Amino acid sequence: MKNPAAGNFFEDFELGQTIVHATPRTVTTGDVSTFTALYGPRFAVQSSDKFAQDIGYPVAPIPDDLVFHIVIGKTVPDVSRNAIANLGYAEFRFLKPVYPGDTLAATSEVIGIKQNSSGKNGVVYVRTTGTNQAGEPALQFARWVMVNKRNLDAPAPETVIPDLDDHVTPDTIGGALPSLDMNHYDFDLAGSPLRWDDFEIGQKINHFDGQTIEEAEHQMATRLFQNTARVHFNQHIEGQGRFGRRLVYGGHIISIARNLQFNGLSNAFHWAALNGAAHVAPSFAGDTIYAWSEILDKAELDGRDDIGALRVRLFGVKDCDPADFPGVKEDGKYEDSVVLDFDCWLVMPR
Amino acid sequence: MKNPAAGNFFEDFELGQTIVHATPRTVTTGDVSTFTALYGPRFAVQSSDKFAQDIGYPVAPIPDDLVFHIVIGKTVPDVSRNAIANLGYAEFRFLKPVYPGDTLAATSEVIGIKQNSSGKNGVVYVRTTGTNQAGEPALQFARWVMVNKRNLDAPAPETVIPDLDDHVTPDTIGGALPSLDMNHYDFDLAGSPLRWDDFEIGQKINHFDGQTIEEAEHQMATRLFQNTARVHFNQHIEGQGRFGRRLVYGGHIISIARNLQFNGLSNAFHWAALNGAAHVAPSFAGDTIYAWSEILDKAELDGRDDIGALRVRLFGVKDCDPADFPGVKEDGKYEDSVVLDFDCWLVMPR
Amino acid sequence: MKNPAAGNFFEDFELGQTIVHATPRTVTTGDVSTFTALYGPRFAVQSSDKFAQDIGYPVAPIPDDLVFHIVIGKTVPDVSRNAIANLGYAEFRFLKPVYPGDTLAATSEVIGIKQNSSGKNGVVYVRTTGTNQAGEPALQFARWVMVNKRNLDAPAPETVIPDLDDHVTPDTIGGALPSLDMNHYDFDLAGSPLRWDDFEIGQKINHFDGQTIEEAEHQMATRLFQNTARVHFNQHIEGQGRFGRRLVYGGHIISIARNLQFNGLSNAFHWAALNGAAHVAPSFAGDTIYAWSEILDKAELDGRDDIGALRVRLFGVKDCDPADFPGVKEDGKYEDSVVLDFDCWLVMPR
């Protein structure tokens, strides 16, 4: 009898297959508190019911990155438990706000598959949808991972590579924004007078602070997200592995960096979409993570003159001064200190 | 004036005495979140209000092990603050479901007492009842501990050893299960198609994953349970003690093992009773805990054809491969790697 | 463009200036749970909705020290991000109870300013008010900090030193106590029979237990409070600094000591006012914190014969036996082990 906990290998995936992921999760104000202890978020909309209500939310929404982590966590046992690498994301959009008390579930469809030339593994493309208790999509994204084969003799499937957009176009974002009355957005309480109009394409922003990772922190975060990827929790195995230590969940770096972004982008309260992300290098306990952002693009949002979107390339870097903006070198390779390259659309008041 | 925080010694206990334990506790969704960060539980019933409601719960119940830890924590200052060893449990049953917002309190009755031949300590037997805000018992168990005497000259009490059942009989369990409509139990969302009928007596199940313990984690867990046993928190004292380090609360191992049990027993959503438990060896920060289970017995539940009970012997082991099922050796002694031997009744759909 | 995250320097403060601090925060039962995991509070009023309701609260109030940390956390980016030292507190009173769901915001008024003779820094006095969502003050205190100048050539402001009370007089405390029916206060459930009448001026109380600090714990606490002071989180910088390690937030020591106070002062459920506090020495991960209290004074509360106030000097000490009551030496200097000297008013039943 196969233990479902063993996870899927490359030959277990089939084009068109739909996977219902286990363990729906009711997200609560308790989760927001644990999340706050782990990342120290300070965006006013998600921190204060009153602030959120003043601009038209029924209550403070769940931080977008917490929604992301919970949805991705659900997919791990089925999609990436035996993954060698997370290769990419595309067509990643938040579609509905999530509030305390909502229950998130996730399904994935296999939209592409390609065995690698080595015959030992292959790339699986899935489109994952996180839904609320009413079945409404709250988050959707395509993702591709490299997965080992269990049985090297299993035949290669026909290669299908999905046609995915290079980036999310701004006319398709904002689905997770309810109708808002931004006239009541209080910039003093939000922590900065800097609005959409104050930022320029090409501008680089140093997010100043650094956060040193502890084993207990990244383990608690990853369990909070019910993410079971083994490399994060097991020193007995990982101590004998490639790095000699537990690997930090890549999403932990995303949330450290995203929440450091408050320093300089205090009003960028909503992460609306992700154009792409690379976990450039692994992170470990003891690393100090810094972040900086570059404004790649600006876009108005359909029919709204109160809010706008910034396309932001957020770099997570470690053990270095982010004031130097370490990113990509002239030869196209990343600087040694870069751990995360995260290209997203953020929404902020105009 | 005696500081109540000093706790009771052997001669402070008297047969028939009732102890009202301090600090009732309202259990909240916040506690569930902290618990999730500490143990990563994935049983769908406790994780999702919607899943729970679909089968007839008013809302997701509090995880049984969280209820247990809170009740046992209340008893520590009175019963086991000066205990040398936790010797056993019996007649341990969950009697009512506990929901967020319920307030747990605990009382214990001294049901047995026996001074040891050394004259330095003795065994105290108590029956502890955890009640909700309506005074209804939610959990009840007998427990015996070895406690030091304060004054070696104190006279020995008359020995009374209570008559405790060898194990909990299945006809007495299920009190904490409300009337359920298991037709709406979704096995895809629950994470496994394996039901009660799929398991056989004698079957061994490897729970695969390992969790490395961090000092911050076991301390936070033990404080969450308002358990004040000194050995878990004080490196200044324990550094000079027998082990040179802080001892991990035995219940921390129980919850690590219980929640690893999801891998292979995903549908065993309710821990209904405990037949006995031994903390076989101490655990410390840095240990990696694994778990495996053996099915000892199967039982139908009174008048219910939708759910059944499995008697499961759950072993917690450390720094070894659980696929080898390390347990009891031929000479009746435990394998070196065993830290927990936990004989319980679990309920799952048929 | 100045990044608001850089914080204020000495010359940015002006007498009479009002600072609206960023990021209002809705306090939830989730925060209470995280706080419980960090400090293990056991005061019954804050732990149990039922206990609180029995004496007249609508629901269990938020622990006072959690309210304090959240309010002080809001002031850090504006007031103390570039502070060299926290010099003192005065006229510190809790004014309204705070309940789960309440939203805290904070403003500060600059009430004094004095450049130091070195010309490199100065002292800034602020009066901070934490308000709830209705704008009602929940906590108010004066505080003074030493802050660096950014530009040494900036002219010195006119010196104004505010006239602050030496201590809070008992006739001005109790604002955060609703009308209570103390006849229903259950001393068994509260953990001790010792009431206000049982304590004497001059009495010293050993709070017994010790708590060893972990990096993950103080970082999670400090982030929970949205306190961004850089020295607590960044080993990359602090490893090269004066101490070679991250400094623990002084408030972390306050809450460890305050919650150890349960051992001996179990009924002192409300911290009503602070007369003054000194962070005598820095604390670091690995330190084991103990606490002891001396009763400095006793006071009746205006028109109430059911509760009374104790003026308590709470010492936090490290890596030593608190039974020795290490405090102030004959020469007026602190014993080496003292880290916190905290002079407060506590309220308890008579």
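As written, the chain order gives the labels A, B and C, with residue 1 at the start of each chain.
Quick note on the criterion: a residue touches a chain if its C-beta (ideal position, glycine included) is under 8 Å from a C-beta of that chain, and two chains touch if they have at least 3 such contacts.
Please read all numbers here as calculations on a predicted model, not as lab measurements.
Asks: Are the two sides of the chain B and chain C contact the same residues or different ones, given that same means over half of the numbers occur on both copies?
Replies: Under half of the interface numbering overlaps between copies: different.
Asks: Given that chain A is a copy of chain C, what angle of rotation, in degrees and a multiple of 5, matches their CA positions?
Replies: Angle of the fitting rotation, chain A to chain C: 120 degrees.
Asks: What is the distance in Å between the mean C-alpha positions of chain B and chain C?
Replies: About 36 Å separates the centre of chain B from that of chain C.
Asks: Where does chain C touch two or more other chains at once, residue-wise?
Replies: 28-31, 33-34, 214-217, 220
Asks: Where on chain B is chain C touching in the complex?
Replies: Those in contact with chain C are residues 1, 3-6, 20, 22-26, 28-31, 33-34, 77, 101, 103, 105, 133, 214-217, 219-224, 226, 228, 230, 233-237, 246.
Asks: What part of chain A is in contact with chain C in the complex they form?
Replies: Where chain A meets chain C, its residues are 28-34, 36-44, 47-51, 60, 188-194, 198, 205-212, 214-217, 220, 262-264, 266, 286, 288, 319.
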